[in-house]
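Look for chain A in each of the two complexes below; its partner is chain B in the first and chain C in the second.
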Partner chain A sequence: MNAYMAYKVSTKTSLSVFKQRDFSVKRRFSDFLGLHSKLASKYLHIGYIVPPAPEKSIVGMTKVKVGKEDQSSNEFVEKRRSALERYLMRTVKHPILLKDPDVLQFLENSELPRAVNTQALSSAGILRMVNKAADAVNKMTIKMNESDAWFEEKQQHFENLDVQLRKLHASVESLVCHRKELSVNTAQFAKSAAMLGNSEDHTALSRALSQLAEVEEKIDQLHQDQANADFYLFSELLGDYVRLITAVKVRGVFDHRIKTWQKWQDSQVLLLKKREAEAKLQFTNKPDKLQQAKDEIKELEGKVQQGERDFEQISKIIRKEVGRFEKERVKDFKTIIVKYLESLVQTQQQLIKYWEAFLPEAKAIS
Partner chain B sequence: MMEEVKDVSAGSVHGDTIKVTEVLQDGDTLTFIIVSQKLSGTGEYHVDRTYDDFEWLQQHLYTQEDVPGIQGVIFPPLPVRPQVNASAKVMKQLGFLALGEWQPYCRALETFLQQVVAHRLLSKNPALELFLTSADPPGRQKIKKNLFNRLSQAMEEMRKEGHKDVDEFFQTVRDQNLQLTGSSRTAAEKFLDVVLTEQKIAVACGHFSAALHLCVEPGQDPDHKAFSRVCVKLSEVFDSMRKSMMSFSLNDLNTLGLGLDLESRHLEAEKEMLFRRTCKLVELESARRNAERAKPVRKAAMEEVKKASETEFEQICEVAKQEPLSARPCGNAAEESDSVV
Partner chain C sequence: MLKGFRSHDLCVLLQPRAMNVDLEMDATLQVDISDALSERDKVKFTVHTKSTLPNFKQNEFSVVRQHEEFIWLHDSFIENEDYAGYIIPPAPPRPDFDASREKLQKLGEGEGSMTKEEFTKMKQELEAEYLAIFKKTVAMHEVFLCRVAAHPVLRKDLNFHVFLEYNQDLSVRGKNKKEKLEDFFKNVVKSADGVLVAGVKDVDDFFEHEKTFLLEYHNRVKDASAKCDRMIRSHKNAADDMNRIASSLYTLGTQDSMDLCKFFLKVSELFDKTRKVEARVAADEDLKLADLLKYYLRESQAAKDLLYRRSRALVDYENANKGLDKARAKNRDVLQAETSQQLCCHKFEKISESAKQELIDFKTRRVAAFRKNLVELAELELKHAKGNLQLLQSCVGVLNSNT
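On to the complex of A and B.
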């Protein structure tokens, strides 16, 4: 199975950092994953919220690769394409990430070295899974003395947000499911109404029933479109945000900040021990050991200072990132909601048009 | 045919004014309040009846022995027995009538009564007068089950359904009825699915609206406040979508839904009438054969049986032709049929 799906990435830009203004490249799904992997390793641990890549789906992709030309395969590919687009948009909206050479390369270079460590069942994949588990355990055992109320508040805030968004997501999925069902049922009713229309002797009634069947068919199409709108606009957005928040919380920036703090604390503890040891050595007559101790202490002092600086740096960056994230979130939701409401209004107007066109036919029955 | 103003009445009640105004629920029993205007113009009759009473009435209509050719009547269909907290099977049987808090069911009962009162042969039945006007519920004693009962259409009788007719007019009516009955039942079922799904969507919108309301975040942060405002507004939108969907579904139920249900049940009733006629036809043909083949000893008796059968069949056909049949094949066929029998 060497067939794969390639996605065309087209960029239009006026930024000088790019060589051209308008260009396209072809990328595989694993290329996207590779990009994310590189960005995560470079930026997550210093506090930048790196947008997560779309999820792999072994089942979905296998069906497509095997060449199944059916509705669900097309839907799957479209869903994935849309997700990849949103992922890239989020990534380039980030001022720091946009400047990253890997990102620039991804957008511009006609050829990219294949990212091999992104396959789910590869050794690298398994290693990632093991690391995830280890991190989860670690998180439980580190207790940090949070001196900054802002961070505590934000942690809580993200916990709440996560719960709320998941609930919303579940609601929307259920709504999408029912709309699709309605579309199917309307289509079936349209068919049966057409049959009934053909059986009826009374011609005006027969004509009316056939017209009704046609109207219902159009409405079925409308329902389908509405279902798609519900889905692509809302459901995917909510799903994205649930995943984004996970990137913030678990294995995310907050976590890294805690790790950074831990490193700093560890250095401090070590420094203290060394100082005690040095103090003891003062009373023994071992000048070279004493010098060694003093050197070690000097080194550790440097480490401690660096640790503190790192911690402050990551805290600062996270504050900025969270601020940017919140602004983006509000903007994103507002945009989607406006789009959705517009589509709703259009659907309703179209519905009214269809029924108004049918009314004279219905009145003509008697 | 000139549209004559029919005096629709049964005894002392004005047929058009019959209304089932209320349904009361006491535990598992449903009681229906029936209001009708007195013909004399002096007021109204208010009676309360249960489904058992309706069945009593229906049985009395079936067993009108004194009306010749009664089997040719398309009896107005009574809906299936209503059940509070119905099982899935009963819900399916009731279809649209199980929804909308029994309002469509009341409309169906209303239609039943109005159709009985409007029927030239059935309206004279004294049981009807009792049913509509007596303060006490009419006798609840069970009368013997008769051959009109649908359940008595035993499997072997089904063979007769396909029996070729001697009359082109009626053959056409039977064929047409068969097609229509199937199509209308399917249409009713599919539309029921649509209505039920609309209700599901309404409920899902409600859930989404409630979930959005929970997203309101406290605090002074301007971003949070902006997000909360958006969520509240969207929550209101979805709540009004819920209401609109609910009202779509109720409207669909009370108009097309009810209509399809009544149409479908009327066609079933017509089918039953046609079947009774066909059974009589089979009986007649067999009586003729017996009369022909009978030995001289039995000949006279067989002739009697044959004559009686012929008369009954003719009467049934007469009555049937005057019923509101779903198919009206072109005029010539109706004239021809008289000579065939």
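On to the complex of A and C.
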């Protein structure tokens, strides 16, 4: 299949780093995955929280590619478009990532080399597979002496947040599902009420039943719209943050920090061994070997210092990143949830309008 | 065991509630279910009567009855040939707490997987649901009795008076297997007959119209009732989700960072309140719309049964006519044939006359009940939507002013 969906990425900016103020490019889904892959490989291991890309869905995409022009395909494309938009927004909001040439290229270049590394299994899919194994191994082998209470506290905080957000997300997904069901069932009832009105032989009652059917039809559309708000505002917000927090904890920045610490420790252990070996060599008459040992020790001392610097650097960056992340999270939750509540307000206002219009019709039955 | 409530506000299916209609001799008859007790596998209804009819020993008295005894009374009406020309008030449905009990049991099993607070909330919801079903079954049994008491002929029925007054168990055991099988076959024969008779075009325009009308109406009410139930179930499911969302938000509110704590707690409170409103909306739709449709499903069936009985009488009458012609032609058993024909004629005319009135009354009752319920439905929907709106707006106001 050669057909693919292209998404139009439009940028409006006053930043001088860009050549124009207002421009658009076409990108395909794999381009987004490619961008994420590049950014992850460059920044994740030094402590930057790189926003994860949306997940691939082989089933969903196949239907669209086959040209199935139906509601579920349209919904799928809209879901994906929205997810890609949020992904990009998070990426460019990050002050370091925005300056990255890959990001600039992605936004500006009319042509991009085809990203080849986007396997059939999405990054999240592989993550899930390796996740469990990595977790088990990590927990067994690396027992880091956490001298910094801040990290332990934050780790715990993200663990708890992960559990709670997943739970909340599941409930909201259930609400979306039931609201959609409610919309469908209301529409069916509306049709049925219309039929009942048709067969009712008392004129005024017949009319009222038809009006009831009309009201219910309008209400079913209201439920459908509300279900969309439930999903795009509330559910996706939670889904995004569940994925973001995974990028922070597992195979994410906290893990990289532990690895960095491990590397530093390993160098230290090696240095100690080499120093012991050198001490032993002092008593033998092997000047060449002694010199080699001294050289190795000098190299290792450099490595140990670098290791310590790396560890301190990643710790510093993570602190800053987590601070920024939390600030963004607070803002996101507050803004989006309030927006969601406003959608609920609108629904109630509409409901009032519809029932107020119906009431006199019901009273008119005589 | 749930005990003790009044079901007055739920008896909304009759209009007007003919409680104090005077009989001849200035007598009154007022029936209601003053109390009810739900035991493990049965419900005990306290049937309370106030009457000035001379045949009762007292002016006011109560007895305890179970569902099977209501069915016995209903069946005795159906089987009574004298009542063939009336719409027999439909029997109340069997009290069914199975679904509710199952949910309560599932909740008990899942106790470990939710917070204590969540569990208490859900338990309260399910208990409220159980109570609502209980109130409904009482209302439906009461409506049946009220309809009988309001009917000019049925209210004088001897079995009805025994039902109301005899303060011992009526010993009407439920039908055994053999009797249930007999009923089944009776119904099969009836529906086959029904098809046969429905095909015969009626000479009388009024009845022809009623037949066409009722057949179609009954089917459409059935469909509307089923679709209404599904719609309400979805509504309840959505309200349950909001309950879970409220709990999750609450937990987040107690755990999260300072900036979001208050926010989550406020939104959790909102969801908790709005969820209660949504649950009430579903309950009111159930009461005003779903129950209305279910009731008229049963009543329209009873009206169809009346038409069927009339058609049967017509067929018998026509056959008797044919028999008379034959007898006259052969000049044999003419007197017998004449008597038979007269009996059939009389029966048919009697049924036709009362049936006409019954069907007119049925329409009046139906229109009035729909009007009352639709108006009340709209008013309640408005009340709840306005309440919900106020909750939402005040919460959004607080949240916006805090940021």
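Note that in this section the second predicted complex is superposed on the first by the 347 of 366 C-alpha atoms of A that agree within 3 Å, B and C clash if a C-alpha of one lies under 4 Å from a C-alpha of the other, contacts with A are read in each partner's own complex, and residues count from 1 in each chain.
Throughout what follows, contacts are C-beta pairs under 8 Å (C-beta built on N, C-alpha and C of every residue); 3 or more make two chains touch, one makes a residue touch a chain.
Keep in mind that this is a model prediction, so the values were computed, not measured.
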Clash or fit (per the criteria above) of chain B with chain C on chain A: clash
Which of chain B and chain C A:Gln164 touches, first, second, both or neither: both
Touched partner set for A:Leu359, first chain B, second chain C, both or neither: second
Which of chain B and chain C A:Lys42 touches, first, second, both or neither: neither
Chain B versus chain C as contact partner of A:Leu196, first or second or both or neither: both
Partner with the higher number of touched chain A residues, chain C or chain B: C
Touched partner set for A:Ile337, first chain B, second chain C, both or neither: both
Chain B versus chain C as contact partner of A:Val172, first or second or both or neither: both
Partner chain(s) touched by A:Glu181 [first = chain B, second = chain C, both, neither]: both
Touching partner for A:Val345 - first (chain B), second (chain C), both, neither: second
First, second, both or neither for A:Ala208, with chain B first and chain C second: second
Overlap of chain C and chain B interfaces on chain A (superposed complexes): 157, 160, 164, 167-168, 171-172, 174-175, 178-179, 181-182, 185-186, 188-189, 191-193, 195-196, 198-201, 326, 329-330, 333-334, 337, 341, 344
Residue ranges of chain A touching chain C (in the complex, touch as defined): 157, 160-161, 164-165, 167-168, 171-172, 174-175, 178-179, 181-182, 185-186, 188-189, 191-193, 195-196, 198-202, 204-205, 208-209, 212, 326, 329-330, 333-334, 337-338, 341-342, 344-345, 348-349, 351-352, 355-356, 358-359, 362-363, 365-366
Chain A contact footprint on chain B (complex, rising order): 176, 179-180, 183-184, 186-187, 189-191, 193-194, 197-198, 200-201, 204-205, 207-208, 211-212, 214-215, 217, 221, 223-224, 226-227, 230, 234, 237, 241, 326-328
Touching residues on chain A, where the partner in the complex is chain B: 157, 160, 164, 167-168, 171-172, 174-175, 178-179, 181-182, 185-186, 188-189, 191-193, 195-196, 198-201, 326-327, 329-330, 333-334, 337, 341, 344
Residues on chain C engaged by chain A in the complex (per definition of touch): 209, 213, 216-217, 220-221, 223-224, 227-228, 230-231, 233-235, 237-238, 241-242, 244-245, 248-249, 251-252, 255-257, 259-260, 263, 267, 270, 274, 363, 366-367, 370-371, 374-375, 377-379, 381-382, 385-386, 388-389, 392-393, 395-396, 399-400, 403
